[in-house]
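The same chain A turns up in both complexes below, where it pairs with chain B and then with chain C.
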Partner chain A sequence: MRRGLDIVMGCVAGGCLLACLTISTGLVWSIARRGWGALSFSFFTEQIALVGASGGILWNLVGTTVLLSTAFLACAPLAVSLALMERVWLRSESMKKALRLGLYTANGLPSIVFGLFGFLVFVQWCGWGKSWLAGGLVLAMSMLPTVTLVVLERMAAIPQRYIAAATGLGLSQSQVAWAVLLKQSWGGLISGSLLGLARAAGETAPIMFTATIFAGVTFPKGVVENPVLTLPYHIFILAQDSFAAGVETKMWGTALVLLGLVFSMSVAALPSRLYLHEESDV
Partner chain B sequence: MTRVLSWLLSALAIGAFGFLLCVFLFQSGPVWQSEGTRYITGVSWFYRQDVFGALSLIYGSLAVTAVALLLAGPLGLGAAVFLSEYLPQKARLALKIPLELLAGIPSVVFGLLGIALLRDWVYRTFAKFDPLSGDTLLTAGILLAVMILPTMVSLCDDALRSVSGAQRQAARALGLTRAETIWNIVLPQASRGIASAFLLSVGRALGETVAVFLVIGRQDNNLPHPWYSPAPLLEAGQTLTTKLGGAETNIAFGDPLHWAAIMGLGVLLLVLTAGATCLGTLGRRRHA
Partner chain C sequence: MFENIPCKNIVLETLNLEVQVRERTILQNISLQVASGEILGIIGPSGAGKSTLLRCFNRLSELTPGLRVRGEVRLMGSSIYAPELDVNVLRARVGMLFQEPVVFPVDIRENVLFGARRLRKLSKGEQDELVESKLREVALWEEVRDRLKQPAAKLSVGQQQRLCLARTLAVRPEVLLMDEPTSALDPRSTSAIEELLLEMKSRHSIVLVTHNLRQARQIFDRVAVVCLRNGVGQIVEQGESAAVFNAPSAPEFRDYLGQASGM
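And then the complex of A and B:
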């Protein structure tokens, strides 16, 4: 009886895991199968035509890249500063705790909230209209907690004796920050940013009111009223449209490209992520 | 110099988030003044008549989250038990990779998968209840379940592994089988961590916008009668996020009361998600 229950438990748990793995690989496979046919050299080098039924996604790729670069440039200095704040400058333990809890909570905020905030502040109050800069800043805000937490985790993993040695050599706090903390944790900034950007690349909600339209623009030439085309918004609009055969293949092709982009960024960050995750629990 | 710079930049970052909170609170002011508590308890939302009751939206959000949790909770916990209790370290890490990849699929692509695979399946499977289409709260809930599954597995796995190995060895030495050890020793000790995994998943599910948007049908004022009736699950509905993501947000801007009602939904959403995430994080910290 007990032996039987033991076996049943193993089977049920194994079945759950198997189901999870089947779902994840099955979904990726079904995207790849449908989108594979659309991929060709010209898909990446042509601009959109016939409302998505023809042409390629050149300017969508460019637009997504513009947004992600802006987000990275705006986010990285802030993330490093916040992490240094927690590690070096803040003295009281309760302030540090409050900052960490704030970061974790902000990390769980829904992205649509950032979109509405950007719509009101940048698009309306600053009068930028839909603009790549508004989108980039909104994405920077949405990924800031993730990036900061990864940098923090990496800084916290630096052995205390490094810092003690640097201080013992007579380095000031700022010098310790540059020579030890930043130097040892720049990998965390890279992998954290990759994780944040991987999430930001697929976000539609924050940019649909602030930065992106479906067709008709190329490279932005200024800030005000200069939206970009993006991959996720392209899929979002086509998904609500009729499923004409031509559109459908192109749509799945775009989804596959977006998935490839996101996966390559998260795979690049994966080793350090799994490693950190394992270590932090010991 | 470094010190001044990091103070300034941190102040900018924290200020931006504080400003976000203030913007939502102040901009939603008029609707709280005009509707009072009716804004939360009111059953109808007709913006042309200036009637703003968000109850059906709150119901929609909670209903899809509940469906997602009911499906993803047991499945994710089961998978986490197998990962942490049955598999050697290397196999565990190898199997976590596909799950991390599932977590990486953008929500708009999930929405697309929902349209292509799930919508028709729900329509056909529940044909005897005569749904109007495959765009239902249930469809959105199932889709959300798949989306929160990786979070669930990963956090439950963390919770289970934070129980010390000595406890397991002691239980096995006393003659308990592996299943008995899991039921009587590991799960009770990890219960706090598991609870916070559920809460953090709830936070994610409540805030998800685009994927839900594409499969929920977006029909206002869908409430169950009586309140426990499951019938609305097979009808189109609306959640807080899909309302905010829809065209109404653009229409509302310019009309102070309507805009305040939209921003008020943002406040509700912020309170719900921040509450779930905050509680989940606190539980996790104390547990670890």
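And then the complex of A and C:
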């Protein structure tokens, strides 16, 4: 009876795994098959032309990079501070739990909510209009919970004996934070940020209100009314207007580039995450 | 039970120390003195609160949530709980060596300098000098002088413990607290550490927790026996080491000695 149940459980788990693999392979294959034809050197080096039917995605790539860099620079110090707050300065267990619960809840918030918040605060209240800075900050907010939780996970894996030894030498709390906690959780910050950025790279809803337009801009020269072109918004617009075969190929090509970008960031985060799990096994 | 040492220079003393974890008392009536240039041993069965007591001497007990300390601990006559006292300065003055060596994931040189270069300004030359002098002091210099830039984790456990001692000595402590520092070591490394302790006691007062009765008889000047009495850790006997071991009076201590020799 129990053996039969084991076999059924194994089959169900195997079936689910197979379904996941089929879906993801099918997704990659369908995008790659349609988009491969669009990829060429000029696709990466030319700017958009003929409402997306011609030219390349140079400024979309640049714009997405600008947004992601801004998001990383704004998010990293906040994530580290929040994690240190939880690990070092918050004394009461209930406060720590509240912070963690808040982070998990924020992690589940739909990105469009962050977009609306950014629109109200940065675009309207600060008067920036559509701006790369507004978009970068909104993406930073949306990825902050993920990054903080990964840094926290890394800090929690640091053995307590290191903290006791450093404190026993007479180091202050901030010296312990710097010399022990931060030194040993850089990997968490990098892998958490890459995972967060991989998600943020594909976000369309939060940046369409705050940071991106379809065409007509290159590199931002200021903050106010300085939007950027981005990969996800380019796909969004082309998908709505893909009446011509040329446009459709360009759209799939852009999707393939975005997929490659996200995939490479996730792969880059892999060694650091594997290292974490090896270390916590000790 | 409380034995005064009137003619010697008292470095560290406790008066009626009591420790509670949440509402439960785990140590009470702890009054002891450590004179300069001596090794005070704390022995007793596991779970009697010896390590907790040791951590009260440099307020490392504060890292344990829910632990409350009452009574008095004085270093050179001043209360270590005085509001104007900087707890980080206290911890540098009262150094600690743990049961298992805790080397940081950096190289050997950086491990020696880990505390010292964060607590005071040291030029490159002073750093080199400090690393060499402290590694010589713990008899490790000849073994590691050619590989100071290698990860400290590559050293043997005995060498790691001596490295930790060098790191503690580099912050210039007046008192050294040691929590079973040789329990994870082989006999050769143990005797190396014991020789070091005997040599160092002229410069530092040492408080050492151990389960090793041979070690206790050989290197302790005085001994405080902490045993559970009515479920609470207390000093059941203390005095000159030879006197305490030769004529144990407390029944808890006699039981402990009987069990330990029967092992």
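Keep this in mind: the second predicted complex is superposed on the first by the 256 of 282 C-alpha atoms of A that agree within 3 Å, B and C clash if a C-alpha of one lies under 4 Å from a C-alpha of the other, contacts with A are read in each partner's own complex, and residues count from 1 in each chain.
One rule holds for everything that comes next: a contact is a pair of C-beta atoms (placed from the backbone, for glycine too) under 8 Å apart; a residue touches a chain by one contact, two chains touch by 3 or more.
Computed from a predicted structure; not experimentally measured.
Q: Of chain B and chain C, which one contacts the greater number of residues in chain A?
A: In the superposed model, B touches more residues of chain A.
Q: Now for A:Arg161: first (chain B), second (chain C), both, or neither, which partner does it touch?
A: In the superposition, A:Arg161 contacts chain C only.
Q: Under the stated touch criterion, which partner chain does A:Ala98 make contact with: chain B (first), chain C (second), both, or neither?
A: neither
Q: In the overlaid three-chain picture, which partner chain does A:Leu169 touch, first (chain B) or second (chain C), both, or neither?
A: second
Q: According to the stated criteria, A:Val224 is in contact with first (chain B), second (chain C), both, or neither; which is it?
A: neither
Q: Between chain B (first) and chain C (second), which does A:Ala49 come into contact with in this model arrangement: first, second, both, or neither?
A: It touches nothing on chain B or chain C.
Q: Touch test for A:Leu73: chain B only (first), chain C only (second), both, or neither?
A: After superposing on A, A:Leu73 lies clear of both chain B and chain C.
Q: Per the contact definition in the header, classify A:Ser111: touching chain B only (first), chain C only (second), both, or neither.
A: first
Q: Could you pull out which chain C residues touch chain A in their complex?
A: 58, 60, 63, 65, 88-93, 95-96, 98, 100, 102, 104-105, 114-115, 118-119, 164, 167-168, 171
Q: For a test of understanding, state which residues of chain A touch chain B in their complex under the given definition.
A: 2-3, 5-6, 8-10, 12-17, 19-21, 23-25, 27-28, 30-31, 34, 77-78, 80-82, 84-85, 88-89, 101-102, 104-117, 119-121, 124, 141, 144, 173-174, 177-178, 198-199, 201-205, 208-209, 232, 235-236, 239-240, 251-252, 255, 258-259, 262-263, 266-267, 270, 273-274, 277-278, 281
Q: Which part of chain A faces chain C closely enough to touch in the complex?
A: Interface residues on the chain A side: 91, 93, 161-172, 175, 179-180, 184.
Q: Where on chain B is chain A touching in the complex?
A: Chain B residues touching chain A: 1-3, 5-10, 12-14, 16-17, 19-20, 23-24, 27, 74-79, 81-83, 85-86, 93, 95-102, 104-109, 111-113, 115-117, 146, 149-150, 153, 158, 161-162, 177-180, 182-183, 200, 203-204, 206-210, 214, 241, 244-245, 249-250, 253, 262-263, 266, 269-270, 273-274, 276-278, 280-282, 288.
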